[in-house]
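For reference, the structure I am asking about is given below.
Per-chain residue numbering starts at 1, and chain names A, B, C and D are given in the order in which the chains are listed.
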Amino acid sequence: MADQTLDAKGLNCPLPILRAKKALKDMATGQTLEIIATDPGSIPDFEAFCRTTGNQMLESKQDGNLYKFLIKRTA
Amino acid sequence: MANESQGGAGASNAKSMSIIVTKGSLDWAYPPFILATTAAAMGVDVTMFFTFYGLPLLLKKLDLQVTPLGNPAMKMPMMGMHMGMPNIVGMIPGVDAAASRMMKNLIKKKGVASIEELREAAVESDVKMIACQMTMDLFEYDLKDMIGGIQLGGAATYMEGALKADINLYI
Amino acid sequence: MANESQGGAGASNAKSMSIIVTKGSLDWAYPPFILATTAAAMGVDVTMFFTFYGLPLLLKKLDLQVTPLGNPAMKMPMMGMHMGMPNIVGMIPGVDAAASRMMKNLIKKKGVASIEELREAAVESDVKMIACQMTMDLFEYDLKDMIGGIQLGGAATYMEGALKADINLYI
Amino acid sequence: MADQTLDAKGLNCPLPILRAKKALKDMATGQTLEIIATDPGSIPDFEAFCRTTGNQMLESKQDGNLYKFLIKRTA
């Protein structure tokens, strides 16, 4: 569904953000990136990241020990 | 809205941050590199000024050790609890090295980036890194032993950037 | 455009900077005085707030020593290479003094200012220096042992300045 | 040629800047100060100093191990 998926499982701060930024940079405006993480801190962090950079958080959900985010590149 | 691709040149409308990096131990190298790389990922122009004991963090070959600084009795997780070694123990040759190995193992096990990895990310995301010329002279460091892409400068160079920055940290 | 002649009074349009000075060792006395004097030379109104172990930097007679703080194994250039002394060696009486002498020799040899010289430059360029009254009481210091031209104050005095400042550093 | 010359050879940061500022303070607007330094960091530093204070850098050149600056007091 997403244009690209980033597996950030097992990575700790700030690596999920750094990897996500790297992926978004190579995507076109309007494309979506799914991120799967295990770091609970990634919930507030990806929200802060989106608010600050102007990218859009389409979905943020918890699935057992996994945190899944769907971000649309808009910035 | 931040510009996705600009560097640390400062000609943009992006927010900016300066960090003075003065400490060169394994533990204290983390805060500046974590903040710099995250800020850069969020579209902030970042300048890091490496001075005094922070300067060796620019050496190609890093050999970082932990210190008891700010960590009373050097508490570390061991055998399911937080054990403290009296700091004097850390003074015995070999114990610092053992604590450093323990920290490096924890770092790997917990999915925490290495300093080398974060430094590389900083370079890739155009974080501007300035080596303090005075510290280079004082402690006899040579630019050829340091990573590429860094610039030389002094206090006036730092001040010009800091006066324009939104966040200024001294670490 | 900065005004060339204003002091640290803060009534001007100049940019301003505050520095909390908490460390009193020979090495860690450099960053605040280098930044304060350079900023003042660049037309910035500077206030230094001396507290805790930084307070003795206002004593007329300085007797500063190096510390291993932030410098793992106290690496120093010796015999053409960077030698580290295990920190335990620094705990032996007399060795800190030897390291301090070594540092002072390097400082002189490399054309680096002494702390006394930078402090004098700070006074001459109207850097506002505030001694923390609480620390004076706590560690039993006497204003008559300190250099002239300083003011007494506390956290509220610091806060008022910092709230208006463009750069706030904690060293 | 310059109205005044400052010998900053052998001095390390921040002394060349502090001495230059001291010299400029006693000069009239429009006068020029020549500075001769050996610290390579003085190149970016004097440029930053001029941009920040509004004084004018008329010339900045390297001559072997010497760095020579010509600054006009305009601020």
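One rule holds in what follows: a contact is a pair of C-beta atoms (placed from the backbone, for glycine too) under 8 Å apart; a residue touches a chain by one contact, two chains touch by 3 or more.
Please read these numbers as outputs of a predicted model, since none were measured by experiment.
**Student:** Can you check how far apart chain C and chain D are, centre to centre, with Cα atoms defining each centre and the answer in Å?
**Tutor:** 25
**Student:** Can you give the whole-Å distance between the Cα centres of chain B and chain D?
**Tutor:** So the centre of chain B lies 32 Å away from the centre of chain D.
**Student:** At which residue positions does chain B touch at least two other chains?
**Tutor:** As it turns out, chain B has residues touching two or more other chains at 134, 137-138, 154-156, 159-160, 163.
**Student:** Of all the residues in chain D, which ones touch at least 2 other chains?
**Tutor:** Each of 12-14, 17, 39, 49, 52 in chain D touches at least two other chains.
**Student:** Considering only which chains touch which, label the overall pattern as line, ring, star, complete or other.
**Tutor:** other
**Student:** Would you mind giving me the full set of chain pairs in touch?
**Tutor:** Here the touching pairs of chains are A-B, B-C, B-D, C-D.
**Student:** Could you pull out which chain C residues touch chain B in their complex?
**Tutor:** Within the complex, chain C contacts chain B at residues 15, 17, 27, 30-31, 34-35, 38-39, 41-42, 44, 68-73, 75-77, 82, 86-88, 91, 106-107, 110-112, 166-171.
**Student:** Across the complex, what residues on chain B touch chain A?
**Tutor:** Residues in contact with chain A: 1-2, 4-5, 34, 37-38, 41-43, 110-113, 118, 121, 125.
**Student:** In the complex of these two chains, what residues of chain B are touching chain C?
**Tutor:** Against chain C, the touching part of chain B is residues 20, 22-26, 28, 51-54, 56, 64-67, 69, 88, 90-93, 96, 134, 137-140, 154-156, 158-160, 162-163, 165, 168, 170.
**Student:** Flag every residue of chain D that touches chain B in the complex, lowest number first.
**Tutor:** Where chain D meets chain B, its residues are 12-14, 17, 39-42, 44-46, 48-49, 51-52.
**Student:** For a test of understanding, state which residues of chain D touch chain C in their complex under the given definition.
**Tutor:** 10-15, 17-18, 20-21, 24-25, 39, 49, 52-54, 75
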